[in-house]
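Chains here go by letter, A, B, C and D, matching the order in which they are written, and residues are numbered from 1 within each.
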């Protein structure tokens, strides 16, 4: 693991998620850019001190020299955005498979470089767009991509949060500090941090791509340097039109990612905060409430469920599904089988490129007087 | 009443709403442009045959000659959109106060003419934007306009319906037929019919006005001549930004008008299909569920409520509130008191002008390559 | 109308409900046992003063002498419980059909007398168990009685309110005062006032009868003379077992009547505060959300609906359905057709007897050490 | 771990829960009464074969001989009910702390013996009544026991499930087979399996005890030997009255544990299927929606939360909280500190005795003609 030391949020999430199903074990880490802090964090995690590194490059070098079976099998990158790209490139160069947090890079150009690198190294690359790990998101994709709802016409995807409604970044809150800092977060805060989940969720469920968009980004909190709110009109390749919005100043909202997809024959609705429910509307029968782990959902959802119906699975379980699906591919690679990464149900490097292309277009559109901006291929 | 004969939907609604509180009685009508049908409709309504007219102009002429106390006190116009303007102008010219369905006219120019006419005749004019009759909408306005939520930053207003997901207008369904017919509905179907409620609700609750917008209108159903779906980015005078969308092809949606308003200190959420609930978020205390007829709502809501808490009041009751508030103004006028229409809590002719200005801008924006189109004053 | 003068709650409800569909008109009344107050109330209602009576017996006598077409067609009794019986008996004796509020009488013996009187006079008798007027309650009955859910096993019916959590009756609140007064309310407050709705709703939806029960009644508020809370285990004729509870001290609850019915093949759930939704579970398909006015409900629900889907109909509309269905029977009688009252969908005198038998058993059980008390036939 | 081999449900849950926070590691197990199956299960779990035992007694014997730091620190008992008692007694006799699934034993007498044994050995004993591990349950307890709701008057606790609506036990489903078998489950199925959670939740949140009750148990599915449904009137020591019911034949219900508590000044409502929400009603302010991980809940809830608000934590996380709280006590014991088990927030052996006393009274009441049966002390 790179990043995720004391005081970090997402590092702990990755650790719980990775280990949930007993297939992945934390064996080493460079938990902080401050070597001392990395060491302390390693102690907290009960790691032997010789597997706790002060620098990620050193870790890659040393681990690569350890015998197979002992050395780490892959790297998890859980740092702020600006470090994803150099670490991922270094890991791939050192021969390690990569799990990386999102957004994948700082720029679209980096993303494309990284995609080329993954292709050339033939190593695995998993991007933790965790929300697509939810069983009912997989059921939604099954219904939409399988044509059950008919041709899709409209999508509405939202991600309201309220935690940045005040200038939290000046209070010492680390999560707020780096996300609002252009040097660490990139050209966008709100859209990069959470709007990117909207994009990924939309493309995952519809199986189509956002082709053009019109964005209105706003900085509501005085003194802040990056957007904390944004609304985007979107048009997809398959003719779907819709709305994507995200906000970090939506007071009272916690983590309200949700999506509605309307087709010619049916429609659906999913809310991240009640993740085990998928509302499905039909033109020819009453609205259905499909639920995780019931006999009424497809095998994709079932394969990503651990418990009987009514035993709520949440954020960590969905996150663990990403790792679990990655672990299946990894196991096959480690056992010498040929693996085509797109056969596995986890976000890969191309999803990362899509995300950066979307953000690139959003930022350009926000500055433009033209109504529509193309999302670059 | 003009319009609302057999087979009409909104005419019956107006009649129930107007009579609910025992203050208004239907005394005459020209219920259809087909005189025979008007007569039959009058019989259904148990009206004496000499008060059922074949033509509205005749009704205005005859009724105006009846002695005070016997003649009608005001006209309700419940026809398709294209007839609102000529009937309203004629009614005002004949000296009658007017209640008129929305959208008020076919064009912004007509709307402005009508506003001038109302001003010059000094007669009352009530526009039945019925959803603002809901007690919890009034509570929302009280909280927002009263500053309880702080400066407003974002608004999201939606009106999804699914009833026009197929080409219903060719099946003989009258409601669908006129609404999708440019000659009877005007330059827009979806935005005019229901998007206009979004606009009115937004301006009523925020006390501000939409200043510029960016619209994407779509005709999803083949062969249809007017929009059945639309998304609009909006910017308000007070700095609020947001999204307004409406759709008639949103399969599974019934009549899903809803609004969310996010301010610096609080936020709120109201759904028309559960109209007696207002969700209110705060930065400094837990989310509240405010409910109609509890002691925890303001006097504006209380004044528009008939029943104890938990006895659901719905669409007809909200509609009746519009009539009831209009009846208060009317009673004062009839009893010779001076009345300033803006002192009363019902939508007036200026709200109708605002609505037409909004629709004008939406239609222009949909055809434009410019990102932002101003809403004319 | 008898009762329902100034300050009363249910009288106004009856008036709005009765008149909603334009079939029933208030023509006379004895609105209060205080003649002066009756007169004043009549004025409020714009009735001619010669049709406003100080005493109900006088009203029956005078009205009976008016010519047909002019005299009242039926009586609505909206007084406190203790007056239902004498007024209903007098009305029937005077040849008037009766609409009466619930519970029907003070004792089971009175209820049986009244049933005999109705039978012997062959007049119509409608008991306003208003909640069964809801369209989705009718859909529930259709599913259950029609066998769609299979043999019913368990029912849970609840009616929590919180308005009597303190000793409101000493504050001058009239509704609280008479309901907690044994002389006016009878042997029970909470069970009589709202538990009786639970009984009626259960028997209406299941088409079966409560055969035996075990009740625990409580007076939580000091100084109060009648129960303000009660829990009842119930067993139905058809083998169903279940729970019925009602409370007036359930702080925070408004008017939370709800019912769940579990059969061998399906189950359903209805909440009065969201009356247009019926949740239906199945063993072989996902849970459904059936909604008023959609094509997915039966003709019984459709016949009791005024508006398109998503236009919420509430308490008054459901109440109006009782009157409306009664008006259909009445019209047929007035037009000389033979009418069998059980062919019409409104609660009749036998439902009133069932209600009093239930209350009789509940009160007896609450005092008994025996586990099970039979509900008398 | 004893039990939890291949095909078991709750064993896997215990393993994920125990390991979630990185404080507990599975080191050995006797996973099945069939030694071969135990070995195979051990392999699945990647345990060294010498730590996988065919018999639990052998495991206790061998492990006890291992050096400190290497031998297991405590035993988790995750077998069917009939084995809890002998294994727990043996584990305590062998000097091991115990985590045991519920219900604790087959009889009240066994439960009391076990309590005496725990006291005499001074070892720790944790009973996995997992639902009390939910943060919002802890918030509920804080509000009630802290007196915020005033004196409690009524409680309603429910646990509907539908999975045993047919005779699943004859189909080879192992979970159904043992739970409906009196030799393995004890004197009750539904009440023992899930009614016991209702009892525990009620006593945990109210801080009081059920003193007497009146139960109606039913076997709805033909051929079944134990209750699959039951309703219980309850009276608590503190004067609270209420209802407790559980069912396994409630078609469409998944795992619907929920509780409502009504006090003099406030009330609350919690649903296990949406565990991160606690509805709180007040007499003097609007209803609140309290949510996990917001600043508006107490330290007890906060201490049992891993993620920011809106990141749903579910069944496994609540279960992990039980283990986590037990691990705190265990760590203190292992590090030589004196520990009073009641200072820690997990269910202990006395809660197990309470549960068995409740079940004892329920079974007696179901067979009795007396209305009220005391819960033995």
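Simple rule for what comes next: contacts are C-beta pairs under 8 Å (C-beta built on N, C-alpha and C of every residue); 3 or more make two chains touch, one makes a residue touch a chain.
Please read these numbers as outputs of a predicted model, since none were measured by experiment.
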Set of chains adjacent to chain A and to chain B: C, D
Residue-number overlap at the chain C/chain D interface, same or different (half cut): same
Chain centre separation in whole Å, for chain C relative to chain A (CA means): 55
Chain C-chain D separation of Cα centroids, rounded to whole Å: 43
Intercentroid distance (Cα basis), chain C paired with chain B, Å: 35
Shared-contact residues (touching 2 or more other chains) in chain A: 253, 280, 287, 291, 294
Category of the chain touch graph - line, ring, star, complete, other: complete
Residue ranges of chain B in contact with chain A within the complex: 149, 153-154, 156, 158, 160, 162, 165-166, 214, 216, 218, 220, 229, 231, 233, 235, 241-243, 245, 247, 249-253, 260, 262-267, 281-283, 287, 368-372
Chain C-facing residues of chain B, complex: 9, 12-13, 15-16, 19-22, 45-46, 161, 163, 253-256, 272-276, 291, 293-294, 306-317
Of all residues in chain B, those that touch chain D in their complex: 279-280, 285-291, 294, 296
